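Scroll down for the structure; my scribbles are underneath it.
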Amino acid sequence: MLRFLTAGESHGPELVATVEGAPAGFEIDLARINYDLARRQKGYGRGGRMAIERDEVRVVAGIRFGRTMGSPVTFIVENRDFKNWEKRMSVDPGDRGETKPVTRPRPGHADLAGVLKYNLDDIRDVLERASARETTARVAIGSFAKQFIDPFGISVLGYVVSIGGTEAKVPPEMSIEDLRRVTEDSQVRVADPAAEHGIIAAIDECKKAGDTLGGVVEVIASGLPVGLGSHVQWDRKLDGRIAHALMSLQAVKGVEFGMGFGAARVPGSEPARSNAPTYARFRPPP
Amino acid sequence: MLRFLTAGESHGPELVATVEGAPAGFEIDLARINYDLARRQKGYGRGGRMAIERDEVRVVAGIRFGRTMGSPVTFIVENRDFKNWEKRMSVDPGDRGETKPVTRPRPGHADLAGVLKYNLDDIRDVLERASARETTARVAIGSFAKQFIDPFGISVLGYVVSIGGTEAKVPPEMSIEDLRRVTEDSQVRVADPAAEHGIIAAIDECKKAGDTLGGVVEVIASGLPVGLGSHVQWDRKLDGRIAHALMSLQAVKGVEFGMGFGAARVPGSEPARSNAPTYARFRPPP
Amino acid sequence: MLRFLTAGESHGPELVATVEGAPAGFEIDLARINYDLARRQKGYGRGGRMAIERDEVRVVAGIRFGRTMGSPVTFIVENRDFKNWEKRMSVDPGDRGETKPVTRPRPGHADLAGVLKYNLDDIRDVLERASARETTARVAIGSFAKQFIDPFGISVLGYVVSIGGTEAKVPPEMSIEDLRRVTEDSQVRVADPAAEHGIIAAIDECKKAGDTLGGVVEVIASGLPVGLGSHVQWDRKLDGRIAHALMSLQAVKGVEFGMGFGAARVPGSEPARSNAPTYARFRPPP
Amino acid sequence: MLRFLTAGESHGPELVATVEGAPAGFEIDLARINYDLARRQKGYGRGGRMAIERDEVRVVAGIRFGRTMGSPVTFIVENRDFKNWEKRMSVDPGDRGETKPVTRPRPGHADLAGVLKYNLDDIRDVLERASARETTARVAIGSFAKQFIDPFGISVLGYVVSIGGTEAKVPPEMSIEDLRRVTEDSQVRVADPAAEHGIIAAIDECKKAGDTLGGVVEVIASGLPVGLGSHVQWDRKLDGRIAHALMSLQAVKGVEFGMGFGAARVPGSEPARSNAPTYARFRPPP
């Protein structure tokens, strides 16, 4: 079983991901990990930080001659922006006096809870970790993990099905391979060219107003063996564990499986009558 | 920190809940645990099994003279129905031949995955644990745990906000205490008398048709200290852990926090402008 | 991976062992578990309690028709002595007044630490769990677990190599099978008839004086696959995990692997020159 | 609760220690951590590697202006020797061909088990992690952790009580503070000047012969609150957890508490009659 810890502040020198439990002798393609890191940074309308960072892993442990050694693997991702933050993010106590503390908490983040919990006087001590930049380390670990399931024909695919209330349809006859290709090419990761134009316009307009837009992402894992997880004890149930992982992502406020909340509005016999597996097909119109 | 394991089959002799990590010398009111077990069994339109069982805990470890001893606490809940299942659920290998195996998996349960995973020939070996009856042990543990947070003024409240697509409004000015009292008295746990009639009628009709209805439950925890959970590592985030627990309940297909999926349809500035804390107030009309 | 929780007081109604993670469809021989429970109760010179209890498991979860169901398995062992303790170990707060608290802590047990930790006024609240009777549940789980490794030719053997300072030699040419048979037949579990007489006499004398004797047990696991555990992270090292388990047994004050502390007295080249695998062969004379 | 993962090969670029769960706002003295790292490298008669490395932590996460941020702390220790190993320890698959594999396993290490487990053809893939250099990261974490218990007057002291069979006495009237000072000043960490000469001579001679010597270390934790750990469940027992940690150290083959194996040679009434707390006082002469 893999287990991992991540570390690193948004404007600190490095993000650190240590993952343990992988077998030895397995070939790892670092380019694929860097490709997934680049995917994390894409996204139409993303903030300026994304232009500064070009994330790439540096392996400092656990991989030799391109293969896992069985020992813990550590990926380091440097924060290029750190050169502008050396004083403000310094380890040295002597640098404290020169830095103006952040005193205005961002709504919807851990900022306020964090400073109250520990009686801190600088919100930066919280916001540096309560940052979506933290997910960089998780993407590296996830991409590393994906390489181990790849030989078994297991793959995971994520794409966008709505942004700001605009639904993007997935053509019902589209294969998973096509869905992957089409959404990978889309600027907003949708499989619906008509919706894409509307979404881009909405993002442009929203950005001009200094606002943001939410959305819904659908994730499909294919090729899985039957019987992953277990029904026998609450904490081993697969959907519970996946919900835990997804809900731990910054800004995620809801997780559904299959019909999700749509199932609350129809009789129990309904899902059995349908055979459409994905959100866009299942979900009753809002 | 509390940790627990539950065991027990739906038609086995006993359900077993062992919970460990509670401090010693704490007074436990077993009547409150039995009250919560009775609440689990209520519910307008529930199946016949509920009429057979009158769940009550029997304490076989960890409580002496009404107080915790610090040692693990085990609650046993007897299955009264077991007397009708002794042969079919027997431990004795000799009873195997006389029992007809279950061969028809229930859709939406772990039945099919379970028998394929372990190459079993009797679905009963899976369905006995892939059963909502399993939650009895979790309710006992949850009710036990609630007694430890009660002196700190922390309480948890759950009620129904929709069944079968009929929304039950929560009056905006209603206090949490009133909300608890009113929904506790309602046959379908709603705070909306008008909706209650419609919901009861819908359940009656649906039951006649041999079908079932889904719904949405809202849960409010009040009086919590600031800073529960942590933003610093993915698996310690409170919303992720809660999502894990909720999604591990049979039939739960979606979990939302705050606005939930509603946040995907409005600009990011919207929630800050609203101050309504609950589902019924937040959720955009479907 | 198996995980388990045990519960139950020494004079409470039941000891409870719940073990989770076993595969489904595996035949379990309960007689073997009861045999191991009986072995736990043997031992020349044991106290009177052993004569009262005849431990046997009652399965209340996880086994059907002699096979595991994949769900958690719960073994219950009844304390026959409980009928003499119903009032003193009662769950009912009303019985508190009638029972005289224990106020004299046993040296070397958790008694004193336990009552200080939780500010308890009756040491019985601690001693009931700080009791070797607690190991009954662990023996049941261990015996259950052994049945899963048995088909792979893996077995575990324990026997006595010294009591009260009298060393019992293991004949150097003796096979593991013979060692098992001979020590199983010995009243004090030694493979050395000469030492056996001395040990029995020492126990008799010691018992007359109201004292006790310590000893050393050697454990051999045979047939293991190469590479159990792992060198890559501290908590996965096999010897550390075994030491954890052994040191958690009441009265165990030391754990050694191979030469153990003997290795501290000889040059590092010594063990390589020897090829004797067991304590009795390795250990330099005291 | 602190949890941690370490990573890093003996001749890789860096050793990595990530520790999580520390409170925010706590002042950390890095000089003390570096002092403990230097202590790890001392030791009369150590190998040549110790002369090459001068271990110092570089903090890349979790500490700002000298204080913990609450987020995971990562310490990096550079391997200065890496510049001589860049090709042999390269991540790049292209460097594999130029490096001669190690094919001779070191006895008593994980080398043989490791290559058999994963079917590796270069023992270096195992020995790089099955190396006492791995403890560097653990020393950094331990030293970090010690700073949190220091304000409560809790301290941990370790010193040598025998090497190669030569016992070093601890003067019975010596205080813990003096014991710390005296053993810190001793070249072989003993509190017995007479034994020190003999031990140094034995090490010199042994080293000339290309051999090594084992020894026994005594560890004292003082100032602890009553009731650490718990008697209620096997895996929470303090001595078991300490034994796990100690036995996970390379070359440790035995762990004792109090009288340890000495208790196996005397009647149970003996320890109660003695009041000497330490190994050197407790242990019956071998």
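Going by the order they are written in, the chains are A, B, C and D; count residues from 1 in each one.
To be clear about the criterion, a contact is a pair of C-beta atoms (placed from the backbone, for glycine too) under 8 Å apart; a residue touches a chain by one contact, two chains touch by 3 or more.
Please read all numbers here as calculations on a predicted model, not as lab measurements.
Chains that touch both chain A and chain C are the following: B, D. For chain A, the chain with the farthest CA centroid is C. The pair with more inter-chain C-beta contacts, choosing from B-C and B-D, is B-C. Taking each chain's centre as the mean of its C-alpha atoms, chain A lies 29 Å from chain B. Note on chain placement: the centre of chain B and the centre of chain C lie 38 Å apart, centres being C-alpha means. Chain B and chain D, compared by their mean Cα positions, are separated by 47 Å.
Of all residues in chain A, those that touch two or more other chains are 5-6, 20, 70-72, 114, 117-118, 126, 129, 232-233. Residue ranges on chain A touching chain D, taken from their complex, read 3-9, 12-16, 18, 20, 23-25, 27, 30, 59-67, 69-74, 76, 89-93, 95-96, 99, 114, 117-120, 124-126, 128-129. Within the complex formed with chain A, the residues of chain C that make contact are 20, 70-72, 230, 232-233.
Per the touch definition, chain C reaches chain D in the complex via residues 5-6, 107-110, 112-114, 116-118, 126, 129-130, 138, 162-165, 206, 209, 211-216, 226-227, 231-235, 237, 239-248, 253-261, 263-269, 271-272, 286.
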